[in-house]
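The following blocks contain the structures, represented as structure tokens.
There are two complexes below, and they share chain A, which is joined by chain B in the first and by chain C in the second.
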Partner chain A sequence: MTAPSHFYTSRHSFQRRTEGTIVWAFRLATYVILLCGVFVIGNICLKGLPTVTGSFRSLKQFPYVTNTFLFEAPESLYIFKHEGVKREMGDTEYRAFREAETARATAEGRPVPEFKAQSYVYAAGGIWPCIVGTVLLVVGAMTIALLLGVASAIFLSEYARDSAFVRFIRLAILNLAGVPSIVFGLFGFAMFVLYFDWNVSLMSGWFTLAFMVLPVVITASEEALKAVPKGFREGSLALGATKWQTIRKNVLPFALPGILTSSILGIARVAGETAPIMFTAAYVVRDKLPWEVAKFGDFFFQGVMALPYHIYVVSSKIPQNAYTQRVQYGTAFVFLGLVALIAGSSILLRNKLRGRYQW
Partner chain B sequence: MPPESTTTSAVESAPTSFRIQKERTQFLGLTFDECIQGFFGGNALLAVIILGLITFFLFREGSSFFSQNRDNLSIYRLAGLEYVDLGRQPEKDHAALSRYLADLRLRTYQYYTAQKALPAKEANTLLADFDLYADRFARASAPIRSQLMDWSEIANDIKARHLTNQNLAEKRRQLLAAGKSAEAAAVKILPINFAVEVETITTTLPAYAEASSTFARSLEELIVAPPILPDVDLTVRMARFQALTRDFIASLPATLESMKKWDATVPVPLSQSFTAFIFGRQWLTASFWQDWYGAMPLIAGSMLVSLIALTLAIPLGVGAAIYVNQLASPVEQRLIKPAIEFISAIPSVVLGFFGIAVLGEFLRVASGWSFLSWVTGFPFAERLNALTAGCLLGLIAVPTIFTLAEDAINNVPRAFKEASYALGASRLQTIIRIIVPASLSGIVSAILLGLGRVIGETMVVLLCAGNRIAIPDFTAGLGVVTQPVHTMTGIIAQEMGEVEPGGIHYRALFVVGLLLFFIALLINYFAQKIVRKYKVSIG
Partner chain C sequence: MENSSPTSAAPSRTLATPPRVARKDDTVPSPTLIDVKGLDFYYGAKQALFDINIAIPDRRVTAFIGPSGCGKSTLLRCLNRMNDLIDGTAVKRGEIKIRDIDIYGPAVDPIELRKRVGMVFQKSNPFPKSIYENIIYGLRIQGVKSKTKLDEVVEKSLRGAALWDEVKDRLHESGLGLSGGQQQRLCIARTIAVEPEVILMDEPCSALDPIATAKVEELIHELKKQFTIIIVTHSMQQAARCSDRTAFFYMGKLIEFDETHNIFMNPKNAQTEAYVSGRFG
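Moving on to the complex of A and B:
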């Protein structure tokens, strides 16, 4: 016998089932995305972490410990068999070893040993110059972008009325945000590298990256400025302060934390992009560190190694095998960690700030 | 005392420092505040200026590509390379037919070894006749081939001398510019009379025609008695081969006709240089014969990769947006949104590396699994192809689509939803009939912006798309996704570092960049237009 049915009994079981299935499909879509993200990040972290943790070396003097992967320059890796033992060595170590062995053999009167080594470029040593280069690029580009972007945002949020001119500017900002990064790279190459004759240099890279990230900074800053209550401005103006005084004393100080935190997202973009710096600022390899320059002016006009470009180089220009995996995954891990740190702190700070400034 | 009089007297006797109309510092007739405003306004103009500069510099570097490409095409015609290529077409078609035969041999071999379970040696013995036939077929083109070889040498020589002349002229110009007129006069340029030079090729057309007819005759002889094949399917293929060869033989006189009509003096119009770029099917650089700058393979590659990415990203991104905004619990909402935003922060070069190191290999292995063998194009041998790049680009597009679509859905007023519930609609009905249509403009623009993100993405396609410059073979159906492609962004990134500034190749890359720039602007424009035009009025 069927259960007694009355008005409130749930019916349409078929409909309910379809509804449930579709809801599950939506849920599945969401979790598939998250799973993909977790898988990519997890894979790189799992395989890249051992590179960093396995590179700690003890030192005789002050810091007492160092990390050869993080704090040394990249070298070629040599793999060879010597006296029946298979060895892997970086460039400098290999040369020293070879000389020592040759000297030992001649001293003992044996024939000079032959060294037949297989070599992989960049597969030994570390990524210190790349880290330095990336940090320099990010700091310079963000300084320029913040100076220009915040000024731009102040105009849009404090001075601008809804006019055709302002709408035009907003349209330009929106469009600038959609320009592909490789186009910025081409533009930077044509304007800074060739036309201004700055060559492949920090300056070219800074301006290219700053222009690329400008829309992000402007939008973020404007949002932060708009979040400051109108009463702050009105109170100040009512007391006789000029517009500029109002902005300087009563708007900017309150908007600044918001501007900075939102702009961190811009940092993640600057640090993460490869295409714009490929022809404007990045070198495949450079022996000198950026501060090893003859005179101060040269500092701005030198190319640097950068993490994203290094990843591109080590993943496309050298073969994939057990020997090269160490540096490939290690670089990707360090880079991902750096960007994740920046992006994560931005998201966290933003949430925290939203809670704090409740006017 | 009445208050009015106090006020008046106070104003009259007020010291200068209290006077309202204080004298203000002025620069160029502007007050300090106006200067500040001007400064900020100028900064805001920066976005406009940068857009202008980008357009200007891309045009500046790219615009003379078309005239250079016209020169490139003109010399192709003047030096007779075009003529030789006309004559070479039958050879190419014949080579394609030979490949068809080779494919047929492979199939027959597989038939013998797999279905008849014969050992490899025996299968090869059975195929000896076939091999002999294929060999004779391949060698049939020998007479025209030798003729073509002579021609290409002559044509190449004319072109080489022309290029030398150009270099000498450039040298002379530089010397003159440096004021060394004596040395400039010493630079000897031997002018080339193209018409006379090319005649050494065109006058030997009768010999070519003779060779061509010999070629046709030997093919006809061959086609009459093809080797007998052991299977129905194979016999059908052989019959198809015969039909194709007959068509080919019939097409030979037309080739000769077009060679007779060919005229080196017809100038190449500028429009042809333009169409040769947009619709050109070949991107061939640093070739010893003729360079081609046709963007079609790159555009097709970009489109294919974007299509794959969007096919994956739209259901996932929009689905997730609907789920998070409408169906998820508050805890899920709080966690998932930042997590997906976080995915957008993964740098593209890291994703590209992931594609090379993990995903490409995984997809190749997965395509070999027997339960997936029904998918067209599976299994495939290339580790890096459009599918690998498309999957990763999908992951890049998802956060963009998700964030914007979620925003759009969030903007639908609560009242819509409540009204729908009040009318007795279920949760899903409300979502599908009310929420999604109301936010459709936002969702579509989110998808468009996702597309913009995908088309402009460089590192993933550079690392994972396989970088083979050819139009993907769309006749393969869905299997097209497993072919390696090259893209607009990829070609710029790959070749820009190796070209000489000012050369035609350099300019061609800038034109590709210009194309990319305008595609991005167009996508942006439509995304904004859709949002404005189809916004459901919320009142």
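Moving on to the complex of A and C:
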């Protein structure tokens, strides 16, 4: 069968072959990235999920069921043989068990049992203080970053006239975006921890993380402000509004969805970075939860545990064994979930605002 | 010479069919409201206006015509100091007096000035809020809270802009849901809600179809009973139809300023004659 020949008959040519190859190369590159993502996330989910799902325990009172991995502090795992049975227990449980057994033996007039246990740090209990700490760090740092960032973005894009100084500021902000996070950590350590004498605390961590995401927030906020049509400003000013009235009522509300979009990226970064908080805010372990403070002021000047730092500690600072793996993967899994949750709720908020302010 | 818009090239010679010029009683002299004297205006180093002298009468429609870039919009934006918002603009010489007050004087607050000298833009720019909120925007920022007062103003302004009957049942729907012509009339309603003395219109009909344009022009006729209106337009027919006096600008200079009838039927200046007859522009 021969195809009818005319001007537009398809012919095999070098260009056509190149076209096909190029498309496939691009397609392959995309698939490789997808594969990596699926592998990483899948691996963490597969290995981390059982840690969470396998940690349910019933309680005597409300809420009757708890998840020890999510809602308890990390503990050492004790493994021992008692009366011929091999048992695995967390720190608190082990001590209670030992006391009860000793008391029972004494009451029955038996010799006091000997407990020979092997202990593995952080292999039992959960990561509740880390979850709390990370949430606190994210909320505080994003609040500071948004307040400072949006304020300076408004100044730069609405008020500042184009001058050498303003251009210098913009350049400085862009450069700030390229500074490695460990440098921010050292800066925060020198500035907040030592010079301001805030110690290793939430405050130090908040400001360090805020400065780290500030360039992203400023740049994106400026873009969002610029995207608001000029007519909104002119229309408002022509009605006798001051510049600030114009910005507050007729520019900022419409820029907000864009600003939130950028801060979603910021959230992932703030939550994920280990380097800036390892010197400024994170504790390896802390037995008190952040709200267990003597007076309100202390709240801001306490260190916290944080998920990324906990992952770092359990995967590189303690002896590795079969029992630490479940904690590592479990923490990573919860961490991913938490970031997804925070970012997800920001996206919902943004979409809601978008629906309200559309033009 | 550039062709500014297709409409301005339409008529040939000195308008075969005479335009419907303003009614006789509108051509009787009215006291001067805005007096521009010897105005030189600069965008940075570039001079945009050269020695402009023009006396704009109270409660009349004054049209500014001329080819693109001739300075008509620039002069318009000088009158409520909207040019202040652009970097590097400056009035280097001359003055603009409204009711004998120099609006570039040191004691003048441009915010207060803009409450008295409103502006309607080329591209209709209703805010993405309800029709009601659009109208009361100017009053809200002045701190007016009384619901009865606001309701009253909304109805009055919308009636004033000949929009009330079309939107009275959907005051709380978005202003962006209106048609282009309705949006522009909404912007006019928003402007008259703050009760200005002067309304500046910067090519208000250039994005509208002929029917919507006719409605806005009709509205201009009504509005001039209460307001002094200055309209910048690319369409000479529009200037002829709805203005009492017309100023022709060219290359930043005011070439001729006279009653609209004279500008179109009997121009004194050769350049004006050439422009209104469609030979250039």
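Just so it is clear, the second predicted complex is superposed on the first by the 306 of 359 C-alpha atoms of A that agree within 3 Å, B and C clash if a C-alpha of one lies under 4 Å from a C-alpha of the other, contacts with A are read in each partner's own complex, and residues count from 1 in each chain.
Convention: a residue touches a chain if its C-beta (ideal position, glycine included) is under 8 Å from a C-beta of that chain, and two chains touch if they have at least 3 such contacts.
Since the structure is predicted, the reported quantities are computational estimates derived from the model, not experimental observations.
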Partner chain(s) touched by A:242 [first = chain B, second = chain C, both, neither]: both
Partner chain(s) touched by A:7 [first = chain B, second = chain C, both, neither]: neither
Touched partner set for A:26, first chain B, second chain C, both or neither: first
Partner chain in contact with A:234 - chain B first, chain C second, else both or neither: second
Dominant contact partner of chain A by residue count, chain C or chain B: B
Which of chain B and chain C A:254 touches, first, second, both or neither: second
Touched partner set for A:291, first chain B, second chain C, both or neither: neither
First, second, both or neither for A:161, with chain B first and chain C second: second
Touching both chain B and chain C, residues of chain A: 242
Chain C contact footprint on chain A (complex, rising order): 161-162, 229, 231-232, 234-242, 245, 249-250, 254, 357-359
Residue numbers on chain A that touch chain B, as the complex places them: 15, 18-19, 22-23, 25-30, 32-34, 36-37, 40-41, 43-44, 148, 151-152, 154-156, 158-160, 168-169, 171-176, 178-187, 189-191, 194-195, 211, 214-215, 218, 242-244, 265, 268, 271-275, 278-279, 308-309, 311-312, 315-316, 320, 325, 328-329, 332, 335-336, 339-340, 342-344, 347, 351
Chain C to chain A touching residues, read off their complex: 80, 82, 85, 87, 111-112, 114-115, 118-119, 121, 123, 125-128, 137-138, 140-142, 176, 187, 190-191, 194
List of chain B residues in touch with chain A within their complex: 32-33, 36-37, 39-41, 43-48, 50-51, 53-54, 57-58, 60-61, 315-317, 319-320, 322-324, 327-328, 336, 338-343, 345-354, 356-358, 395, 398, 402, 426-428, 449, 452, 455-459, 462-463, 489, 492-493, 496-497, 501, 509-510, 513, 516-517, 520-521, 523-525, 528
